[in-house]
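Letters A, B, C, D and E mark the chains as written, and numbering starts fresh at 1 in each.
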Amino acid sequence: MSSDLTIVLLSLRVAVAAMLMALPIAFGLAWILVRKQLRGRFLIEAIVSLPLALPPVVIGYGLLILLGNRGPFDGLAFTAFAASLASAIVALPLIVRTFVVALEAVDPRFELAARSLGANPWRVLVTVTIPLAYRGLLAGTLIGFVRALSEFGATIVVAGNIPGRTQTLPLGIFTRIQAGDDAAAYRLVAVSIALAIATLIVHDLLLRRGGLSGRRHRAGFGA
Amino acid sequence: MSSDLTIVLLSLRVAVAAMLMALPIAFGLAWILVRKQLRGRFLIEAIVSLPLALPPVVIGYGLLILLGNRGPFDGLAFTAFAASLASAIVALPLIVRTFVVALEAVDPRFELAARSLGANPWRVLVTVTIPLAYRGLLAGTLIGFVRALSEFGATIVVAGNIPGRTQTLPLGIFTRIQAGDDAAAYRLVAVSIALAIATLIVHDLLLRRGGLSGRRHRAGFGA
Amino acid sequence: GCGNGGGDDAILVLAAASLTDTLLEAGVVFEEDSGVEVEFSFGGSNALARQVELGAPSDAVIFAGAAPMDRLEASDQVLAGSRLELLRNRLVVIGDGGAAQLSDLSDLASLGGRIAIADPELAPAGLYAKQAFEAAGSWEGVESRVIPTLDVRAAVGAVDTGSAAFGLVYGTDAAVASGVEVLYVIPEGLHDPIIYPAAIIDREGGSEVARRFIGFLAGDAGGVVFERHGFVPVSR
Amino acid sequence: MNPDNPTPDSTGVLRFSFARRQGDFTLDVAGDFGSGITALFGPSGSGKTTLLNCLAGLFRPDDGEIVLNGTDLYRSASKTFVPPEKRRIGLVFQGGALFPHMNVSDNVMYGWRRTPENERRVDVDHVVDLLGLRSLMERSPGSLSGGESKRVAIARALAMSPGLLLLDEPMASLDARLRGLVLSYLRRVHKDLGIPMVYVSHSISEVLALADDALVLSGGAVVSSGRPSRVLLDPAVGGLLRDEPVENLLDGTVLEPGGGGASGRVRVGNADIVTPPSDRAPDAPVIMALGAEEIILSTGEPSGLSARNAIAGLITELEPVGGLVYASVDIGVPVLVALTPGGVDALSLERGQHAYLVFKTSSIKLLDAAPVG
Amino acid sequence: MNPDNPTPDSTGVLRFSFARRQGDFTLDVAGDFGSGITALFGPSGSGKTTLLNCLAGLFRPDDGEIVLNGTDLYRSASKTFVPPEKRRIGLVFQGGALFPHMNVSDNVMYGWRRTPENERRVDVDHVVDLLGLRSLMERSPGSLSGGESKRVAIARALAMSPGLLLLDEPMASLDARLRGLVLSYLRRVHKDLGIPMVYVSHSISEVLALADDALVLSGGAVVSSGRPSRVLLDPAVGGLLRDEPVENLLDGTVLEPGGGGASGRVRVGNADIVTPPSDRAPDAPVIMALGAEEIILSTGEPSGLSARNAIAGLITELEPVGGLVYASVDIGVPVLVALTPGGVDALSLERGQHAYLVFKTSSIKLLDAAPVG
């Protein structure tokens, strides 16, 4: 068994990588779902929701087929990348749904005002849409990250349980429970909880930084 | 093995029961997080997020200790109730976070306007807050329900995998994979996907019913 | 009986997931014989043992290996003297279609490619596989290429999809998987005997029905069912 | 000024004296509102909206008291705070605050539904028709124009038959025709149902056309209050009103309604005044609005003027306010006339002197001409 | 009327002819806006805001064309649609639409930052001071009062130095003093920077004080357009303006500024007119606003009147509009006087007759008195 520290560092690396993969895609999809009146809309919704509908182990088998030698992405199974990918896919629907709720709350009037002030759609996205949806986007990221940290079923199937290489916190905990090593399991559970709380603290700090947004109407009845 | 139909019906029953437990609690917690400036706020946030931070199997073991022969709620382990409870706990953080995002987007000005028009806080909740947060609340419910339908790790530990009594869809899929009966496993995966899509369709219908809400500012720049 | 729900005399048996089909079938036969309903909860053997330890309701257990049963015995969960050996299984090396037959387990050390085994920490099958490598003196040579998987099925899946070149799995699992080929049957002497033990759980003196059911499984009627599914009943 | 209402000097309906800090701004006010219509005005950012929100219970003061008809709505000493839904105070929000998830009809009926049947005194159908909302009833607020939203907000607040009605710039975005209609309807509602009103406006002519009392805020403090005509001449207020005309509001009785091209006649004080035609019955009470700047003083009897009115009176006061001099001329009732210092000098006007008020028929507005509510 | 601008009849800066349906309402308009200030008015719900949104590119018409300075902004035939950020059209939203996540300063600077340096022609610091926003710069829009929000919205639109400025009721919620300041500042900006403006207002005196042209909408269609004085007398418009006074806007030159208690003097046409004091330099051009209803006609030379002005002129027209008769009196420039039919009869007024315009100094407003921008 690898040391607790190795496990924690690996878990963080895997979860961060998962977020790097999931967040841009999630934002793009949420944006399309909220702002575009596509005909393929429902299909996107369905595909995005799938990973939520299936037990992670099944997703793991699906990924194993994709990443195996016979699949298009030969040789990626049983690597840290596979673990990140599994986490990203499992976290994606949660992130997308939360992003959708956050973006739906943004009044398009502000986006139009920004455009009439000379901002092109990209600028509007960066200066208006994202800041206005900030709280919700942060919440979605939090959910996604914490979910990625706790991902087990898909990961162990597609990435295996290789200490030091793919054994993340949940896998480590599971292994120790199965082995009857309760003390070690409790230690890792405590570490998981600590990590989640640390994430929450960072989230709250970022929220406070994001200052004004989300409080838009709290203060007065003037305007 | 029990029939596919039995499994589907049981899964639905378990997931619906899970929602009945989780939704009121989730709404209450989200409401407190959004509207009250409590000192215990962070504690609530942390407790609510925990089930997300831990692998479901760990939650399952925790519940088993509570519901098992040696716990305070003897006799509840390995029942459909245990399965519902497990699903509810695992789904709760997702629902709460989405509800928080949805409620944060509700302008308190409308709530105050309603109160000045003679509505007490409960009426305001029912006639203003909930309808205004409708899209987000629905999204949270959708996420929670689909997550409950796909819950595996906690369920198998605390409710067992008893065909006809606690074998929900994900457990059924797992069992069939173990038995090497790939065809049956694929069939159940297909059923899971179909259920998720049906849920999405219901969600979209309800959204359309909820009509006005969420589109509040789309139409004009008049007001 | 003291399982829960399902009627007063129904019993609940926690059993290894690999026995699912077999036991459900045997359960039906037993029920027709005795008029008593048997319910099963299937899972990984180690997980089942943990569940019993933590207070899961159960009347009998059937595991895919001795270790979990040893643990339950050690913690006095099992009715003394009720343990018996029900079935045997074999460990085999599988490979994807093209690989050549092996003549010895140590051949794997010289061939390249990843080797999937159930995680020795998680499943008895993994333990047996590790013992076999160690006995063949090639554990050091292959350790870095070993992929510990969730369970035997996942090991089969890894080979089936080509993510691993070889796998060490039970003969019964290899038999039902279509895309893999048995390359070598590992001699039984290389590892602890692969025995499926059964026992009665020690609650209020143990369930009489459970005793009868285990007896049924160990007898001729049960043996027929097991053989039909590729197992070797110990009683034969 | 409205004979149906007790004088504003009698016990106020609403008494308040409280402070509330928000950021750098502190609202620290004391005063009372009578059972009539009170105009609340003051520069942008002077605290008008904040005051109304505190009265309605949407904001909580830091300290002080608010008493409505002898009942404490708020009192910091006893920690009393009556929640907004128990106050029955209607509020027309400056920004509308229409419920975006309900159609116009549900918005209007929201407060009505929560009013006990025996307290429903406002005819909602009539309000809807008068405000021109009938064709909008099924529409969503998001699709309304600015003026349409404002009108829905007014209807919504009225439909709850409030015990006190607070209106925060209800006329912004309304065109002249609607403004006239709404003004006279509010006056009618007040008269028929006795609902006291507090009315925020930046238009002094609007205020004068409607209000029995006035209260002026500046920088979060009350700088003047009392009868509108007195408040408007208050030197403390002068600077705030620059560029705004002062208007006389005179109680009168219709002598001849006129019509078909003929002018009407109205008796005000001792004088018969030629007015635009109206559809009022003879002997109907009427309010005649006449801008102080639209009256010319003549020392001799004028002739050959297109102005139809030349009313003899006695100059009782001459008061310089800002750059102007206001003369109060008694014609049975006092009438304010705005003069330039140069004009006063040129005619050597002084107190006690007789003079004619010269003004045109078209300078007159007759108020209270609304359809009956 | 403004000598700096080409006459409105010359090629318009902005030409439009398009239709847009929204729900039951259809806006179907054609017209043009000149390089001056155009007043857009019409009843509530007539389509003013919709028109502005289409011009700015925030709404897309269903059909038709919009051409700015010869460039197509929209043309359905060629599927041309220039996105709003490329139009450089500033829009002051009726509802403000301030960015809630930025403080006031960032709101104001938003468009400025996106303006190429060489196109920045508006002095933002000056706008901020003039609109009284300096102390609000760090505040969040949610904490602003109604009038404060409106002012920030004006500053934000100006700061981008737009090529065309659309103002949707910018004066709602502003008190009289601010309204005067903003009006004259806008006029100044227009004159100095040549920014054409379209200005929605419900106040006719505001319109007249500011506009070179007027366009009247009703029910989604253009019912009249042209010079304000002409538009206001258009019978098609009459019904929409009921209760609103008509105002004369006369170009003049300062003769004496006055001050220290003394009146000023302004030359308008052939006449020297006694005005309120101003701080303008002698010979400065000035606009004199004088309500048509505030003028009395006298057939003989009047005497003993407090009115300081009695200007001789010639009646060139007598036109009945609504219940009134408008006389156009030539005093070098035409001046409109509102009369009652009764008054016309009593003096037997007719065209070609000589008459005196009698009006008070205090009836006069001098415009363009803003601090220099």
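As a convention for this text, a contact is a pair of C-beta atoms (placed from the backbone, for glycine too) under 8 Å apart; a residue touches a chain by one contact, two chains touch by 3 or more.
What you see is a predicted model; the values in this text were computed from it and never measured.
J.: Using the touch definition from the top, what's the fewest steps needed to get from chain C to chain D?
T.: Step count on the best path from chain C to chain D: 2.
J.: Centre-to-centre on C-alpha atoms, which chain is most distant from chain B?
T.: E
J.: Approximately how many whole Å separate the CA-defined centres of chain B and chain D?
T.: The answer is 55 Å.
J.: Express in whole angstrom the distance between the two chain centres, defined as the mean CA positions of chain A and chain D.
T.: For chain A versus chain D, the centre distance works out to 58 Å.
J.: Averaging only over C-alpha atoms, locate the centres of chain A and chain C and give their separation in whole Å.
T.: That pair's centroid distance is 37 Å.
J.: With centres defined as the mean C-alpha position, give me the chain A-chain B separation in Å.
T.: 18
J.: Find every residue in chain E that makes contact with two or more other chains and list them.
T.: Where chain E meets two or more other chains at a single residue, that happens at 22, 49, 58, 93-95, 97, 143-146, 148.
J.: Residue numbers in chain B touching 2 or more other chains?
T.: In chain B, residues 61, 109, 112, 174, 177, 216-223 touch at least two other chains, as defined above.
J.: Multi-chain contacts in chain C: which residues touch at least two other chains?
T.: Answer for chain C, listing residues that touch two or more other chains: 47, 50.
J.: Which residues of chain D touch chain B in their complex?
T.: On the chain D side, the touching residues are 56-58, 83-85, 87-91, 93, 95-103, 110-111, 114-115, 140-146, 148-149, 156-157, 160.
J.: Which residues of chain D touch chain E in the complex?
T.: 22-24, 41-45, 48-49, 94-95, 132, 135, 139, 143-148, 151, 168-169, 172-180, 202, 204, 240-244, 261-263, 274, 276-277, 293-294, 296-300, 302-308, 323-324, 337-344, 346-347, 349, 358, 360-363, 365
J.: Over in the complex, which chain C residues touch chain A? Could you list them?
T.: 44, 46-47, 50, 71, 96, 114, 116, 119, 121-122, 147-150, 154, 157-158, 161-164
J.: Quick check: in the complex, which residue numbers of chain B touch chain A?
T.: The touching residues are 42, 45-46, 49-50, 52-58, 61, 93-94, 97-98, 100-102, 104-105, 107-109, 112, 135-136, 139-140, 142-143, 146-147, 149-153, 169-170, 173-174, 177, 189, 192-193, 195-197, 199-200, 204, 214, 216-218, 221.
J.: If we count contacts the way the header does, which residues on chain B are in touch with chain C in the complex?
T.: Counting only chain B, the residues touching chain C are 1, 61, 64-65, 68-71, 74-75, 77-79, 156-157, 160-166, 174-175, 177-182.
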